[in-house]
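Across the two complexes that follow, subunit A remains constant while its partner is subunit B and subsequently subunit C.
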Partner chain A sequence: MQTEKFKPFYLFFITYMTQTGIVLFMLPNMIANYFGYNGWLMIIPISVFAMIQIGLIAGIYYFNKGSSIFQTIETSFSKVNIIAKPLYLCLSIFWSVLSITVAKQYVHVMKFLYFPQTNIQWFVLLTLILTYYLVTSGIVTIAHVSTLFFFLSAPMIFLLIYFVPDFSFLQFSTFVFNEHNDFYGGMIELYTAFLGFEVTLFLFPYIKKEKKVFKYVFLGHLYTTLLYLSVTIFCYGFNSFQQLNYQVYPVINLLQYIEFDFIERLDSVFFILFYLKLLITITMYIWISLVTFKRVVKWSVQRSAFVLLVVGYLVTLPFVTKNELTSLLSLLAKVQILISIFLPLLVLTIIFLKRRRKHV
Partner chain B sequence: MYINKNLSVHVKDRLDYCDDLVIRTFPELKIEVLYFGHLVGEEELKNNILQPFSNTNEEEVKIILRRKQYQQEEDINLMVKGVLEGKALIIYQNSLAYVVDIYVPKTRSVTPAEIETVIVGSKEAFIEDIGTNLSMIRRRVKSDCLKVLSYNIGTITQTKMYLLYIEGITSPILVKGLQEKIKNIDIKGVNDLNQVIQYLDKKPLSVFPQYFTTERPDVSASKLFEGRVLCLMDGSPYSLSTPTNFFEFFQSPDDYNQRWLLGTLSRLLRFAALFITLFASAFYVAVSMFHYEIIPVKLLHEYIQSRSKVPFNPVIEALIIECIIELLREAGARLPSKIGQTIGIVGGIVIGTAAVEAGFTSSVLIIVVSISAISSFVVPHIIMTASLRITRFFFIILSSIFGFFGIIVGFTIIMIHLCRLKNLGEYYLKPISPIFLMDIKDTIVRAPYQFFKK
Partner chain C sequence: MSRILLIILILLVLPGCRDQKIVEELGFIHTIGYELIEEGENSGKLEVTISLPVAETLKQQTITTVVETSKESRIFLSKKTDKNLVSGQVRSILIGEKLAEKGVWDLIDTFYRDPVSRPTVKLSIVKSNPKQLLSKDYPEYKMVDTVIENLLKKEARLNTIPEMDIHKFAKDYLDDAIDPIAPIILQSEDGIMSDGIGLFSGDQLKTTIPAIQARIFFLLTGEFKEGDLLIKNEEEKVLFSFLTNKRSIDVTLGDKEEIDAKLSIDFKGFLLEYQGNKDITNEKEIEALENYIQENIENQIRDILETMKEHQIDNLGLGKYLKQKMDYQTWKNLDWPKTIDRVNVTPSVTVKIIDTGMVK
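After this line comes the complex of A and B, so read on.
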């Protein structure tokens, strides 16, 4: 891997770009379904919970003094490798499958909306090629590319201004969480929208050492929260609650409403522009999968990345329809939640045990 | 090789079958002078050879030859090299050799820049003589910090090359890096600096130019102030500067010579032109093949009417028109400027109108392709224009297969490629990626000079 390091402020872009994905387009519908009236309020506590998780990761960075978590795990006990190596392999394959599933879900929506006659596999293959190209360029290039893509895709948020004239506070109503179903299930689903911050756990050795490194991860997370909040609030203010409950992709519906004199129906342009953001999400998961994989197998980066992408592709090959993909992604995301909670805890425990041993 | 007997025979032997070699003898002084008549100046020849050695005697010759301009040479290789470089070789008593520099290059005089033209600012451009080019730089940078290193490139041509930098501004690592690269070039000969660049390229397969060349001495001097290394080559009216970044190709001296607002706006216009030239035709193809929902209803009627006569697929149609534009451009470049204009009129107006009337293409496409061609010429540097034109075809083909998604895929590939490109350790997309906010004031925009001070 490259020994080159990047400045901590790139963490802002990486965190934000990894967190947001296709879920943004369905978020208001998901929130309306699970939490009912004024469900957008739930974004705040869930975001705070994710923030606590980031705090844990920041703690690890602080205690670890910026060295890789793999080193921390591998030097904890004498025979840890017997457990660690198979675990690494499983995690690595899991992340590769997760990222390809994320890609497939986006591609499926795109095909469903704009390319009804094209086979989904073509889009997946193109995405794999791009991911391979980006992931083999090294983390510094990924950081640079994510910055560039951030600036290209971030101005889309200004489109919300278009809806200001039609925005009505009356739509919010005075009820809070009425007509909700499966509150706890909804919280888990909503938490998956914030997943992505955990990739920073693997970035430690690649960050230039400066003060307040994790400030940028927090800022990235806050930006994601702000985006989710503003989009959901606008959806709640623009649509009635009943409409929101029926629209599968309310944000796309919102985009379809935009119309100028010289151009009509810009949603396809914006939705496809969103691919830039998605590519970073996929690449980051493939990248952590690659880093983990390389701890076990001493292949070249190119070969490892190729193998991981092929494995991910083959595993997800049977999943084609929307329902299959949604249920697979929901399952994988739940596993990822567990990883995002327990991996930092595990590493922290190891660090404390090590410190204790030192003091003894 | 050191020889002190029969020197004349040995030198003449080396320069055998060179009928343009002039040999003058002064038998009474036992002096032979060898030089190439077309490399030397008449005045210099008269002052250094003819006058001193006429009407003199053998005693005085020794005193004359002690003068500073006559350098004694012992190595026969250097003697021959000297003659080839335009020096005169004086062989005295067939055993001692002296060289005297009387080289006067026969080149054209300095003329206005033809490719990188400006509205406001200096007009002069480099010429083929390296000495004149260097003088144009020295005239602009009167500082002892301007250092010039000399090299010869090409095993046969031995073309002279200068590497210039300003001590204290340019990083020594850059100078060393370029020095090594130049030394590693192993070729028999080069004709132009633009050839050398291709030997220096780190990624030869890339579409984008990795070194910045210019025909303008003022731009070259400004590159020196920016801490770059500059290269000049004999026989080439261009200079090379490195490390290069993508945004340099979108800058023109006009941006600096005019007021900042105008400079900034013209730069933004050029970036808009970049997007138009890359995506206009591809966008047309994508819209006609996949995303016709974005055309407003009022326009749709006209659009369908113009497309209805055309027998081809939009991508074939676009490729045909793009190829015609390329043909016109190539023809215009090869022809003398007066006939070139006629080609423009014939091509642009006659063929364009006829093609639409014949039902060969739609009128919308003609507009799109023309705008995209015009936009490509807004980019001030011809090398970048060429790269963009090639990239445009790549986008058209991708958009014909996958619509907007194809354009985004192509764009992503190009972006990743540009982010990976490095030039002497510096990123090609700097200051956008990696991001340096302070440098943006002189890349995307041109801030007032007062802001540059930091």
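After this line comes the complex of A and C, so read on.
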């Protein structure tokens, strides 16, 4: 592994780029379905909850003084390795499966919308090759590439200006959360849209020590929240509520509506540009999978990355249709929520126990 | 890093070579017409007419077929041409009056669902048969489908017909507070002309508003912001050009079942043309003229509302304003727009003539 370090401000790009994925394209529909009228309001409390989680991770960074959480775990008890090693292996495989599922879902939508005649496996293979190159080139390169990709995809948000003339506050109505289905299930689903910040837990040894390191993670998270809020609010103001419930990918419908005199059908360009963003999400999860894997198996980075990608690919191979992939991803994301909540808590408990032992 | 970026670039660009579409081999459907067959052995089936530009002759080709569902039509139409038919460039859909009266949602849903077709495809109702309209030879038009497209665009800009596309139709159809509208076009002796607005109840065409009243309709929806209004009776004819137009709808819920809606429109503008017996240099006479215009517009508004009440439809979207004033349960119990009868609308128009032109 590289021991190179990157400046903390890259955390902004890594956090934001890992958090947002294909869910952005479905988010307004998801929110309208689960929370009903004016459901966009729910983004705020869920984002605050994710912020508390980031606060916990920031706390760990502070107590750990920037050293790896693996070290913290492995030095907690004398025989911890008996439990930790198999756990690492499970987590590692889980993350690799999760990231390949994310990739497959995106590729599935891409094929359905824009490349109907191309075999889906080609895109999966392409994604795997790109991910392999990114992952094996180390976290510093990933940080740099994610910054570059951020600036390629970020200006898309200005497209919302196009919809200002068609935007109507009348569409919002004064009802709050009427016609909602499965409110609590919706909260979990919405929380999965914010997942991705937990990768920072594994980045500690690679961040240059500066003041207020986690400020950038918070900023990245706030930017994600802002993006989700603005896109959802625009969808609520541009479509009727019932229509929003009807569309599977409201944001693609929104993009399809953009027509300039010199160009139209911009949605395909932007959807493919979004691939870059997705690539970072996949790469980051494969990367944490790799870091965890390396704690157990002493193979080279290339070999480990290759094995993890192949394992992930083989496990997700039977899942082909949209419904299969969606339900698999939703299941994996729920497990990932548990990880994102309990892993920081576990590490914090270990830290406190250690401190108490020291004091005694 | 540069090597990785190069690999990423190459891999991202290459898939474009896979899903090839060669322009010369494609038949870009430009306009599709649908009509219901009511007589003969094919009674109840759809008559589908498409027109596509042919590059070699700079003319258009029209093909017709009779099918049971709109999706089938592609297969049958395809048999009749050497081109590979694609629907990504469809600009307008023409729906025959008979089909529109029966219901159009199935048809629009097909387009809305298809990732290839755009939500900006224009929609219009044809008073005569769409097949005749598309296949007739018009000596002054080179390609009738582009004429239709431009006519719809221009007339919508002049506010004599609505600019209706798939997205907007779906939006109003799915919304429970408004009913959709669509422009009407017909085949005249010397070409094609627009002929007012068709008012829908759900997805069925119920009645029409003549072109002369269409502008009053758009004054009410707030889309008509500036332009010319022609007001005439047997004695007088006034052409009033207005620059500013303030419109507000104020809904108050009465004690019982009564709902009061106050529709106020406030104009300022010039008198461009006047034929009648008033002396327009006299201030009092001008005031009388202002009153005359006010009354005339108010009467026309009442007419439009009577038409809507008669058919129990709400194409103006009064329901959206009602929704703002009600809680969710009251709104659901209202069963809008069947209860539009309960709304007492008081139109109040104020006209201010700023100037009467270059001569006395």
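A few notes on this one:
Heads up, the rule we're going with is that the second predicted complex is superposed on the first by the 360 of 360 C-alpha atoms of A that agree within 3 Å, B and C clash if a C-alpha of one lies under 4 Å from a C-alpha of the other, contacts with A are read in each partner's own complex, and residues count from 1 in each chain.
Just so we're on the same page, a contact is a pair of C-beta atoms (placed from the backbone, for glycine too) under 8 Å apart; a residue touches a chain by one contact, two chains touch by 3 or more.
Given the structure is predicted, the values throughout are model-derived calculations rather than measurements.
Superposition of the two complexes onto subunit A shows a clash between subunit B and subunit C. Touch criterion not met for A:I157: it reaches neither subunit B nor subunit C.
By the touch criterion defined above, A:L130 reaches both subunit B and subunit C. Touch criterion met: A:E264 reaches subunit B and subunit C at once. By the touch criterion defined above, A:Q243 reaches subunit C but does not reach subunit B.
Residue contacts after overlaying the shared chain place A:T147 against subunit B, while subunit C stays out of touching range.
Once chain A of one complex is fitted onto chain A of the other, the partner contacts of A:L113 are limited to subunit C, with no touch recorded for subunit B. Touching more residues of subunit A than its counterpart among subunit B and subunit C is C. In the superposed model, A:Y275 lies in contact with both subunit B and subunit C. In the superposed model, A:V297 lies in contact with neither subunit B nor subunit C. In the superposed model, A:F175 makes contact with subunit C only, not with subunit B.
Steric collision with subunit C, judged by C-alpha atoms after aligning on chain A, is confined to one stretch of subunit B among 62-70, 404-412 or 440-448, namely 404-412. Residues 114-115, 118, 122-123, 126, 130, 133-134, 137, 141, 144-145, 148, 264-265, 272, 275, 279 of subunit A lie in contact with subunit B in one complex and with subunit C in the other. Listed in rising order, the residues of subunit A touching subunit B in the complex are 6-7, 110, 114-115, 118, 122-123, 126, 130, 133-134, 137, 141, 144-145, 147-149, 151, 261-266, 268-269, 272-273, 275-276, 279. Within the complex formed with subunit A, the residues of subunit C that make contact are 1, 4-5, 7-8, 11-12, 15, 18-19, 88, 115, 118-120, 167, 170-172, 174-176, 178, 317, 320-321, 323-325, 327-328, 331. Of all the residues in subunit B, the ones that touch subunit A in their complex are 290-291, 293-297, 299, 402-405, 408-409, 412-413, 415-416, 419-420, 427, 429, 432-435.
Contact residues of subunit A toward subunit C in the complex are 37, 112-118, 122-123, 126, 129-130, 133-134, 137, 141, 144-145, 148, 170-171, 173-175, 178, 239-243, 245-246, 252-253, 256-257, 259, 264-265, 272, 275, 279.
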